[in-house]
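Both complexes below contain subunit A, partnered by subunit B and then by subunit C.
Let's turn to the complex of A and B:
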């Protein structure tokens, strides 16, 4: 086990190192003064510039500059945004929290819907229900996320007026920032109309999380279905029938657990796909997340924000993936690789 | 195998899901009796550059700050256009027209915010500070936030005032270099706001003078709460505001650069009002029963200016002939979709200097062709029409207008080439006078007609880059200057009517249209009124 942990931690450190190196070289690759691209301070006086140059070791070699850059990263100094002039560490942690929140709810939605449907299809293998669900899933899988989001807005916001189409909560509620997760922040706040604020935030969540969840939901369903089919046709299930257990008993005692365990890690891994899709959908729903922020930064040529934002997103995805992979290997010594269960 | 239990449990599961989603839908505004928090959300078009309109003439900055955070000594009556009292309750002009004495209102409270608590009410020191900031180049606050005061410099207000004195706590005296009747109107514009001198002192002592423009303090109906770039500007009601106002507790500018998204938010009720609906959206707004569209003729003019320094456009006959070759009424439909009225002069009908009996050039291609040939412009003569690359109310599509005009000019034997550059290059090259003719326009900043006559056509306006015809007439300049020596409107109107006659005879530019201004809002919003003299006002805006 120690070996597994060591191997993963060193992999993580190495990749993060490469990532940070890449993000540092972006400061040189973007047009303009590298120091300005690193700090985001554009109109500093000559003196101020000299002090900054010293802090970032601009006179030193490329490697010593990189070393200073990493030091600044760790001390929470990510530079300032060109367009807003605010510290990027705070800006990015706020928007990243919004993206993670949206992806988390979408993941919950796709589990809540995808898992039961997957079981249903698996148990009804090669029957009408199965084919119907498979067809639906192919459609759901083929719909581009942004298109689904736009159609959802057209129907449910503009035509029916059921759900709002932008933001996380009506701006009339001034929820103080604490954790960055809007629902938790509302519960922690002392707003007089907390209950309504909470409902309002939920209504804002519905369309974006459902439009992201569509694709993941179909993936979850197909993975589950395949796993259920495999498990239910295995020998021990046949043996359980032979012992006279009812289909319900067989399924609940042996089927669910054995079908879920191999695919669970694979399902959790969908989170990274979700995050990517969330970044697209955010721009459509004006969700103040990292995807929206990066798009704005690209439009406004806000180089420090692009650099720090990319680093933050890739570091998050990387850490998440490697951690999950590590946990799987620790708890699954037989080496039943999750790839075996793909649909 | 019998999986009947499976079917029944999945039915149960999904009916539960449906119930949950229906509960959520149940909270939608139509069905809920719950009233949202008391506030107005305005979908605005962009980020303000600062919260001080002295520093920036862009409409975005003005909308967000001028009438929300601040007050002025004087204001315009939105209906009549007359100058009415603001922070100054009354004023006296000396007989020679050089000295103005303002009596200030008492007990006017500045905003008490998270970053500043005032200890005294508004008085003469605040007026002196606010004026000296842009007037006196040695003032400690003059260079704060860049030290550029575009509107005030463009009308020469700083050079016009020779002195500003505090007489007593509630009386201020301003002395001018020369009498100028547009002076009071300039004090009522969006840009002549009153800042807090006490706040400025506190910031200077703390070494952070820049905050005066980013964390503003004023006496206006709303006080600044917070601003997040690309997201929102949040205001709270100023509880001690001195004028009558609605009971709105919050005012929020929801920054939404895309106009289609603004309209969508207006439809779903996420905004109560939206900025700048495009011409193609107007019909959609009119058709939706829950939305209202107000329109009002704006104080603007779209025109076609000839470069009068280039032959053959230096001949008034040629310019008149070209104007006759164009059918203005056809342009109204094709370019403005009926959202403008044809212009007969550079002055719009809502101004008191408007002359209803002005004869504008009539569409007559035959006479135009004849006049052109008589003046040596032969068949096949080639000229350029510069079409501005941006969309403005006074000309929503200059490119298309230029194409239409191209056809009209072909009928009188002229080959017109359309020229366009990126906006800043376009203006730079116009200033060099490289054009033959240009489609452009002007929006006024105050109700005074001088704001049209002076910047558009006087000799000195060639250098400052607003006289696109590069037309310089001593006679015209004299009329415009003379008009300012009188204070009574009838006296001034006489000189302006003479000036309009001169323009129509010389035709340095062909006036095309005065565009309407629009305000779109939801039906339950009350008290929105279009301000033809500048930025939007939310003081009286409330919800039913």
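Let's turn to the complex of A and C:
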């Protein structure tokens, strides 16, 4: 077990190192002078340039510059955003939290819908229900995320007016920033109209999270269906039937758990797909997340923001993936059942 | 009255090349208190018969039979629910792979308790039930020779040795106090000592509890010491059936004879170092079944008539299906 942890931690450190190196090099890969790119100060005097270069540790060798960069990263000094002039570290952590929140709720939605449908399809394997669900899932899987979002806006907010068009919460409410997750922040806050604020935030969440959940929902459904079919045709399920248990007893006592355990990590992994899709949908819903932020940064040639934002997203996805992989391996050494690994 | 009476059971399996007759007119009668052996090479369809009896069948199988009754009640005509009730209280199965027929993530104790029927426990209020159930479970385990029942009840199937696992299966089979236990190859892949323990255990419950056992195996040696009756299966057809002693003395079907002769300990007249006789070739796969008598291609006595399926013939209790049975020679 220690070996597994060590292996994953070193893998994580190595890849993060490569990532940081890549993000560092971005300053040189962007067109133009790296210092101008990073500071945004275009026509400074010779002296001014030298001072800036010193400030940004630009006069040393490539490697010493990199070393400085990493130091800055760790001390939380990620640079300033051009457009807002605010420290990037704070800005990015806020928008990243908004994206993570959106993806997390979308993940919950896909589980709540996808898991039961997957079980249903698996139990009705090769029957009409199964085929109908599969067909629907192929359609759902093939819908482009941004298109689904646009159609959802068109129907549910413009035509029917059920849900707000964009944003995270109505401007009426001023929720103090604490965790970055708006629902939690509302609950923690002492707003006088907490309940309404919460409902309003929920209404804002519905369209974006549902439109990114569609694809993941179909994936969850298919993974579950496959697993259920496999488990229900296994020998111990047949044996349980032969012991005279009713189909219901067999399914509830032996089917559900056995079908879920091996696919759980796979399901949790869908979070990264969701995050990617969330970043696309954010721009459409003006959701103040990292995807939206990055697009804005690109429009405004806000190089420090692009650099730091990309690093933050990729570091998050990477850390998440490697951690999940580690957890799987700890509990499941030979790709067998989790209980095997307790020793 | 016989417990289980099966006449002309035919089971077809849906495959790429159409419906295949995996079982072709199987006959099997099991009487009360009897140990009945069902013998055949592996792949001859023994496990399929077991599944057909207990109704653990896939929807790509088609079952027909002239008669399939349990103590006079027609198993094929009754509702799924009634049938399940009979299976739950009267028939138990011990499967051939104990490990893979137990739920890998539920403790053995829970799986054992699951099959204990409430009606088999001493009367008591519901708060005593769990305790009574546990007591009953540990008694069962003692009876099949498991001593550390506390430890094993808490274990998962993969954590315990194979033979203990098989004993657990037997305990589970006995839990409902059934009339018939079907043991499908219960000693497959076991050490000799474990094997004989399991066999002794089974014949003891047969004697003590007047329990009928359908003992399915490809292992003649294991069967011959305990079974009263034997049915020989070849490739989904019952070739011969009768009293064990009679079959051993005078087998009428060429396949039974070859089977008996391939086990040296059955032959008293065997000269030292004489070659073992057996049929050439191997059992055909279900995709390439010969027509007529399925033994045809391997049978030393086969003639043209054998492309027709031989009728079942009967001499007292002894039945066989062959156009040219062995006793014809002596005439």
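Operating definition for what follows: the second predicted complex is superposed on the first by the 311 of 343 C-alpha atoms of A that agree within 3 Å, B and C clash if a C-alpha of one lies under 4 Å from a C-alpha of the other, contacts with A are read in each partner's own complex, and residues count from 1 in each chain.
FYI, a residue touches a chain if its C-beta (ideal position, glycine included) is under 8 Å from a C-beta of that chain, and two chains touch if they have at least 3 such contacts.
From a predicted model like this one, the values you see are computed outputs, not experimental measurements.
Both complexes share subunit A, so when I overlay them there, do subunit B and subunit C fit or clash?
fit
According to the contact criterion defined above, which of subunit B and subunit C contacts more residues of subunit A?
Ranking subunit B and subunit C by residues of subunit A touched puts B first.
One more residue to check, A:8. First (subunit B), second (subunit C), both or neither?
neither
Between subunit B (first) and subunit C (second), which does A:123 come into contact with in this model arrangement: first, second, both, or neither?
In the superposition, A:123 touches subunit B alone.
After superposition on the shared chain, which partner residues are touched by A:242: those of subunit B (first), subunit C (second), both, or neither?
second
Is A:202 contacted by the first partner subunit B, the second partner subunit C, both or neither?
first
Based on the superposed arrangement, let me know which partner A:254 touches: subunit B (first), subunit C (second), both, or neither?
second
So if I put the vertex at the Cα centre of subunit A, how wide is the angle out to the Cα centres of subunit B and subunit C? Nearest 10 degrees is fine.
Roughly 150 degrees separate the directions to subunit B and subunit C.
Enter the shortest inter-chain Cα distance between subunit B and subunit C once the structures share a common frame, rounded to whole Å.
Minimum C-alpha separation, subunit B to subunit C, in the superposed model is 8 Å.
Give every residue of subunit A touching subunit B within the complex, in rising order.
So the residues of subunit A touching subunit B come out as 83-84, 86, 112-113, 116, 119-120, 123-124, 153, 157-158, 161-167, 170-174, 193, 196, 199-200, 202-203, 206, 247-248, 251, 286, 288, 296.
Within the complex, which stretch of subunit B touches subunit A?
1-3, 5-6, 10, 13, 17, 21, 24-25, 27-30, 34, 36-37, 39, 41, 225, 228-232, 234, 250, 252, 254, 256, 261, 264-265, 267-270
Of all residues in subunit A, which touch subunit C in the complex?
For this pair, the touching residues of subunit A are 233-236, 238-246, 253-254, 257-258, 261, 337, 339-340.
Can you name the residues of subunit C that touch subunit A in the complex?
51, 54-56, 58, 84-89, 92-93, 95, 97, 100-106, 114-115, 156, 158, 172, 176
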